[in-house]
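A, B and C are the chain letters, set down in written order, and residue numbers restart from 1 in every chain.
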Amino acid sequence: MITSTSVPLDIALRMLLNGAKTTIVLSVFSILLGLLIGLPVALMETYGGKTLRRVAMVYEGTLRGIPLLAIYFVIFYSMPMLIGLGLSPFLAAVVGLGIRSSAYQSQIFRSGIQAVDEGQIEAALSLGMSQWQIIRHIVLPQALRMSIPAWMNEYVIVLKDTSIALALGIVELTRQATYLVSITAEPFRYYGLAALFYLAMVLPLTYLANWMGKRYGIKGTGGAMDVRL
Amino acid sequence: MVWETIARYLLHGLVVTLELTIVGFIGGFAFGFLLAVARTYGGRLSRALSATYIELIRGTPMLLQLYIIGFGLPLVIRDHFPNFVMDPTVAAALGMVINSAAYQAEYIRGAFNSIEYGQVEAALSLGMTKWEIIRHVIFPQAFRIMLPSWTNEMVYLLKYSSLAMLLAVPELMYEASVAASQTFLYAQIYLVVAGIYLVFATLIIGIMRKVELKLHIPGVTTIKR
Amino acid sequence: MSDSDRVLIIRNLTKRFGEKPVLKGISFEVERGETKVIIGPSGAGKSTLLRCINRLIEPDGGEIIFNGTNILERGVDIRKIRAKIGFVFQHFNLFKHLTALENVKIGLKVVRGMSDEEAEKKAIKALRMVHLEEDAFHKYPAQLSGGQQQRVAIARALAMEPEIILFDEPTSALDPQLAGEVLDVMRELAKKKVTMLVVTHEIGFALNAADEVLFFYDGVIWEKGKPEEILYNPKRKETREFLKRIADLSVGGP
């Protein structure tokens, strides 16, 4: 039986704000981890030999075909028992979201890399550059720039999916909102505020991503790909 | 022996998961289609309302939406109907439909917009009515163009149906956790469950790819290697 | 000349887009069996004029009398009218999800209500009239050359057995060689006395296929007359300037 207790608004707001802070911190760490892993995987998949490519594709395919919640449970419950590596809830949340994001980010970077005009690579080779020099000086700068809109889109997805970390006990925004609703029985107010927080973070980023998509994105894909898969 | 029981739990959960996925997808398409039409062909109010709805849903986490419907909504209804109890599975399905519709509306709109107006002009010049044009010119092309988005959406719903676990819906993830807490075989069970999702995701992608290949028309759809 | 000889009578047609007047009172007639060509600088409103005739665009004022009926009046069944007016577009506008044969059949089946066999017979006849290669019948537009696509578009219009066919710069999107095949087909149609109203830059076609040429510029028809008169002996300075510019651009003569 839910009893309706009133919580002073300033305390409630502070709780939500703390939740929002955790959401943002979690999202930033996760997206960066995703970048750290995703970029090398993209390079592996584009320039690697057959085995490397196969490994990258399996990595990508697996992480994209499993729910984040399942990834979390495997990391948090299965991993300690199987390989003795136990992670704190926060670390598990970051690692789980991070490696999942890395699978999508590697796709994004691959598209960016492939969008770099063949002719430039031929020109670079003709100058005598090595494969690695070409990647470093010609391909990556352009590929990364073209990937920005889609990458920002991915960040928005990561931001929203931080909510799933509450299953590991992380006190983020959605969890705070639900907690407040369960105490006060005022869903409109607290879910409404939580929704506003998310929108305030997501909408500007989405518009920015779309705008950048028009300027820097890959022509013909409309820039920011709203790919959910 | 123990695995027989576990398998039974998981099977029950799998059925619910698949039900949620299918209902979410079909409901999402139906509602999404209406949203797309309102967004493209509606009057100013319809366009504003549907656009707002879409932005709202796409700008907030699905989990939040599930909680609002599964937890928040019953609270509000209980103010007027004190004995109201909502079946969590229904709530989850509703939440998934509401979420999927917003995304599918955009896919549908994109497909409609990608058909050049010139073909509509040509159809009009032949004397076709608006409905004939939609039926014979727009729909066959839009349908094919949307297939990859559908694949996307189905796999997404399959994966995110797992969130229903947090509403105590007896889908795959939930049943897995129940089985795990009873057998303490956490490690293995969650790995198996991850594998099950992977299998079904791959199945969906494989089947849809066959469908895409079968319906492929050069100039209308592109086949990615 | 009785009215039934005049398929199309345009009287004082006007149209403006916002502040800008595009058609400032156009009047002319097209007789049955005639091939009339409209020339003039691009962007002057020639496409708008054609699209007004089958009411893809609604004109602001004037009369369009098609086969004795003013089609701008209320209560006119524009679909039935459109089925009798053929339209060939600059960018072909074939239905991308249908093969060449299906593109020609669809109007007959959906609008005319013909059975599949009837439609197929008429479609094949139309495709033969434009000399489309047999192995192209079952290809999709994306698999056909521009010239083939445009010929299919012409067949699609022909199959409906219209009273008049409107051509909106049919060869402007084609390179010269492919344009040639399309112009050849159009010349044949003109010889067969198909009633045609053609907007084009192809002076050569105007010279050997047109019965009358109209010079259209700045919303108004400045001159009309026999092709040789207009093209070799234009009376108005605007016509002369336009022709000079065209002559500079074109390689080789008519």
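As a working rule, a contact is a pair of C-beta atoms (placed from the backbone, for glycine too) under 8 Å apart; a residue touches a chain by one contact, two chains touch by 3 or more.
No experiment lies behind these values; they were computed from the predicted model shown.
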Touching subunit A and also subunit B, the following chains: none
Chain whose Cα mean lies nearest the overall Cα mean: B
Chain located farthest away, centre of subunit C as origin (C-alpha): A
Inter-centroid spacing, subunit B versus subunit A (mean Cα positions, whole Å): 21
Centroid distance [mean C-alpha coordinates] between subunit C and subunit A, Å: 55
Length of the line joining the C-alpha centres of subunit B and subunit C, rounded to whole Å: 47
Sites on subunit C touched by subunit B in the complex: 54, 56, 79-83, 85-87, 89, 91-97, 106-107, 110-111, 140-143, 153, 156, 160
Residues on subunit B engaged by subunit C in the complex (per definition of touch): 116, 118-119, 121-129, 132, 136-137, 140-141, 144, 217-220
Subunit B contact footprint on subunit A (complex, rising order): 2, 61-62, 64-71, 73-74, 77-82, 160-164, 166-167, 174, 177-178, 181-182, 185, 187-188, 191, 194-195, 198-199, 202-203, 206, 226-229
Subunit A contact footprint on subunit B (complex, rising order): 55-56, 58-64, 67-68, 71-73, 75-76, 103, 106, 151-153, 155-156, 158-163, 165-166, 173, 176-177, 180, 186-188, 190-191, 193-194, 197-198, 201-202
